[in-house]
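For reference, chains read A, B, C and D in written order, and residue numbers begin at 1 within each chain.
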């Protein structure tokens, strides 16, 4: 098929050209005297993304899932109890891992489309005076339903209950896209991966452990080796890794960090995600007049929107037509919401026109399978929102004096074709 | 700025990923015993694009302009007369070159927005019984106004007048996008470049000479060396070049030819360009209700549309806002139509969603500078056209049995995040 | 520093240009209906590399180390006993992992420089009539000492002792470079990675499990989740992965497999490695007159040679000068042999001239730190060997008739510069 | 064939990885308001390479040959006379172009293997009191014979004769590798290309015109258009080009200029070329005991060496075996020296080990076709030279404290494989 694929699943996200270039590297000796420069700079810059000064970032050769496992096996002892809410496929899967690794889970089941139930977390913590709960799990952004949760609220619940449990946060689809604050929120382990806000291929598990988490890991007896924090931090201290790292991803990460921290700026990145997400929501709610899976504005995610299709329509058909007829990749509804929603991932290296292409494509696919929406209605709603809300107007100044004045144009075109 | 630039100038066009990959090559000895494989295959495949069996394709290390010069200096003698119509910036420039190289030009000036005036060509040829006109120049697609001309008609005029002049055609922005037929239309030199329908960076002048043109070149006395056909064809015969060629472009050309000829198929490429262009015209004429510069449907170009902006609006402002605010590159109005039009290039590696992003961006830019159009109107008109006119429905079959059925989705998502 | 780094550590190895190109891919939806093509073809082709028809290959997003862990945690129960020989850093590390994961290890300590002691394996197995040993670990190629072991011999020992233990083989630095035969040798789990013979960056754990190993995994109770065979094989069956895979590596693997299996052919790959290794050994033993760490020819590795430096010389100095002065990366001596050896990795995408550059560089570095060798002696010895032992003379036929005949050359040079 | 090709023709040269990366760019609008940044910076930096403050650099979309033509057609009038020496294939070809374009050439034929005969230039100039000679042509580095000429000497001859002729210099295979001084030497047009010292693919003609040359071009009447200086300088003044430029090459040039000027430094680049060339000459003269085509040390080229093969040996056979058996590309003998020499290009992005690989390969190829040299003798001679003449010892300091000390090595290797 001619032309580019429009990739609007919530990860992997588009790799920017400059990151793509940065990954075209010759292999090199990862034990050379020069290598530590790369490692140490990456770890240092990662701290800024996690917003931590006291935490220890680590880069595992794994997907984000591996860092879920690392958090559990490094900080807990066999049979330990954890508290976790379940309201989507990824909250479900982390709890499933908890149980398979032999830990006990106290599960707070909530409606899919709602976020972390802070009150119920508080109630469970208060009901645990003996502190049998060793860790509290929160998913910052549930990718399956497009729901962002109040991590700071869960921290407040822990504090209110004077409960010493560790706070583990899944920030796979929020870190580097939605504001996350490791130190301020008192997060003990944050888990993420390279293929979402970092705009890289999958393959790096990016995680960060607080001093409290590292202290726990020193005595925890759950068997582990590949994901051992001690091996990693010991090698990292001198700029090395306990195993051969993926060099293209490390060089890509260096470039991605430059883009996020130095060029666009992390707060501008968050603002852009909010701005693009608001345009998508305008398209869904005002243009198409369809509901979001996220049940209230407090839970709207700035990285992914799950759109509920009308009765009688299968969301999977929308996705299938979008992919095969229009070269547009949308996210499927998973498990409990399979068929009932389709998802638009709007995170990473995106701008208005890319999202407009996707919205226009989703419109065509919906129309093709029988959803009654007005053609162009979502596009027009997003256009209206974006025209009225430029997040960086100061960056729109001319690169230099405008050269497109009507008379000069002929001369820049010059004398040849 | 985050996200991709939307490149909708009529060249250079987007380089497909697989062509981009093909160009990442180590340098090699261009005089090795292995090298001719590459050259000979490329020249052989180029014949199919020119639709010629008897013509001789050549690849010059130059822009397309260089091949204009090659046609004139190889086939003409000092002071020779050529006949050419002028109705846009590129027809103007070729005539300017004719005069600067010391030839005489009989110029048929026509309205910008019309195409080659076949009747007037015929009249001029009939008025030249002594055959002082040695070459007739036609621009197959005038990039500045979005006008496609009737090359076959000019051939018929030559035949009707029994005139022996050579027929030179500028197909820079049509070859490999709009049907062109070297042998059937009796074209003597066709001139093109790599950066339009071939989906490559600029840098290769792609041209083809008929037997009659090569015969003329053997006796023509206009001074020339760099662009000499004899040097090129002699070296090409054994698979070499008279100078060091640009290897990335040659490898890119090999891949581009595979895409055009083997994978999509040339007729499907033409059909896709017609289909995408028709959607753009639906947006302009039915959605935005703005006129095209091309004055009649017979001249509508399938590779570029020049849109006339309303009185009081400067087309250059639309382009400027599109570029700086929305990261959309549109083509400027040149020379006589500077400020009065903006151009959308719709050629090369494009699909519906890419064009919809551009149309949506052009809408926003027009609205921002005060053009009164309905937001989303162009998008909706193009959507309607494309939903009703799928050019390759047989290619939309599922890659394999649809896997997005609602129940299976959960399982493909698997047990991990 | 100008020019290319000469990478002669035993992994990561040089990525061939065509694999490099194949990895420059846009991200895509790894749950699309099209994606399984890639997965299923890769798994099918991997079977040929493992030389198995009944085994099940798996691709984990990890380094090779992760597959060590996967073998142990999927097939064993808590407290199970394994039998393993230790004669180098990597045999040491796998045993260390065994112990850290809570299994019991019966360790056969051997001299560093020798290989797997088949007789002692046999003795231990015969001394275990109650079959407390559940798995036997063998390192096919000990990267730290340049020693290849007799895996088939260990299988014979198991058979002779009629012992049902599983046979786990570390083939990280041998697979796709030195002949390995999963089915013929009755291997139950083979562990490897992408960054050696597969000529890719690190990041893919490539492993293969026999039917017997998979059967064991169905009942094994060691906690595991990330590396669970059942999750992986279930998702793989339909062409998917339980987590987001690294797409560049998967596309790179596809290209690497084409090179290994289709273009060069696996047996030719092995022959080339033998041929290049023999040249290196000629340089070391005949040219430089230095001993190898590998104590006998039966243990010489065709992928890595560890060279023992003379008394009074620190191998680390050779490596340091080679890297900083000559841009040559050599492998360090590890642990017990630190300082006593330096290593030349000679695996992956290599040819004679690349190795000669490395040999010449090692000579200069040795001379610079005081090793008394004859300049050029290693190079000359390798040259002699290779000139006398072309492994693929039939592939040296001219690409076409030789064009370098003295008179034709001028004409191919053509008329321009 | 496995492994890298060793490219030792005198152009195209190896493209460094970072330049390769820099060329992987998406197409963009070359008439945008942002584009001039790229053009203006490149032109400004090029001045430093030409060592000119008053000259005007230009970048033509052509090979270097095109800039030969540009020099002649822009600065001369029909029938003008030029003075030029001929002592190799490329001096021959430029003179051939002079004649084909209709100019008159006074030719100073000299032995192939000698350089520009300064005395004879002087004599001819003094014998031209009426100044019929309008331009003097000198080849700074004759690629065919490996001869560097004394351009400053020719300038002195012009001055001594008080002759106003323009001085045109072919610096195709010297610029950015061997010291060239436009202003100091009073050069009027310098001609070069991208594929030699600039370490880029072919495709950019890089040239520079003095004020005197530009003044001449304003009145010169030779027909020209594609290569017209006025069109180019007019468009360049605002940062544009008269035709669509090759964007990958322009971005590659930017990176190449950074490497040459900012990172290595131009004088260090020259020193490295001298140092590597001296090693090659040690191999040829002391190791192999073969003569160079260049007849005296004053003419030895630091970018290419032509080696004379013994009687009875065909140099083309050496080249053929080197290419097909050892994947080594050597330069052929051209025209008068066809069969009598083979050439080693040693310019661009090279280091000692790359050259040693090539020398070792040339040794094997020579031995295979019957040249009686001592195996390893050239390698040993070059090693000796380079070990004694490190050009940048201050750059060899450890990147950081040496980590290869014998005891620390084990720990950097870490606990995993």
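Keep this in mind: a residue touches a chain if its C-beta (ideal position, glycine included) is under 8 Å from a C-beta of that chain, and two chains touch if they have at least 3 such contacts.
Predicted model, so just to flag it, every value in this text is computed and none were measured.
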*asked:* Spelling it out: a chain qualifies if it touches chain A and also touches chain D; which chains qualify?
replied: B, C
*Count the C-beta pairs in contact for B-D and for C-D, then report the pair with the higher count.*
C-D
*How big is the gap, in whole Å, between where the Cα atoms of chain B centre and where those of chain C centre?*
51
*Determine the centre-to-centre distance between chain B and chain D, using the mean Cα coordinates as centres, and give it in whole Å.*
36
*Would you kindly tell me how far, in whole Å, the mean C-alpha position of chain D lies from that of chain C?*
42
*Any chance you could list the residues of chain A touching two or more other chains?*
4, 14, 17, 20, 24, 26, 31-34, 63-65, 97, 225-226, 242-243, 320, 324, 332, 398-399, 402, 404, 413, 415-417
*asked:* Can you tell me which positions in chain B touch chain A when the two form their complex?
replied: 1-4, 6, 14, 16-17, 24, 63-65, 68, 89-90, 93-94, 96-97, 143, 170, 172, 264, 269, 272, 314-317, 319-320, 324-328, 332-335, 338-339, 349-354, 356-358, 360-361, 363-364, 367-368, 374-377, 379-380, 383-384, 386-387, 390, 395-399, 402, 404-407, 409-410, 413, 415-417
*Flag every residue of chain A that touches chain D in the complex, lowest number first.*
17, 20-22, 24-26, 31-34, 36-37, 225-226, 231, 234-235, 238, 240-243, 398-400, 402-404, 412-417
*Name, in rising order, each residue of chain D that touches chain B in their complex.*
4-5, 7, 9, 11-15, 20, 23-24, 26-34, 61-66, 69, 97, 100-102, 193, 195, 201-203, 222-228, 242-249, 320, 323-324, 329, 332
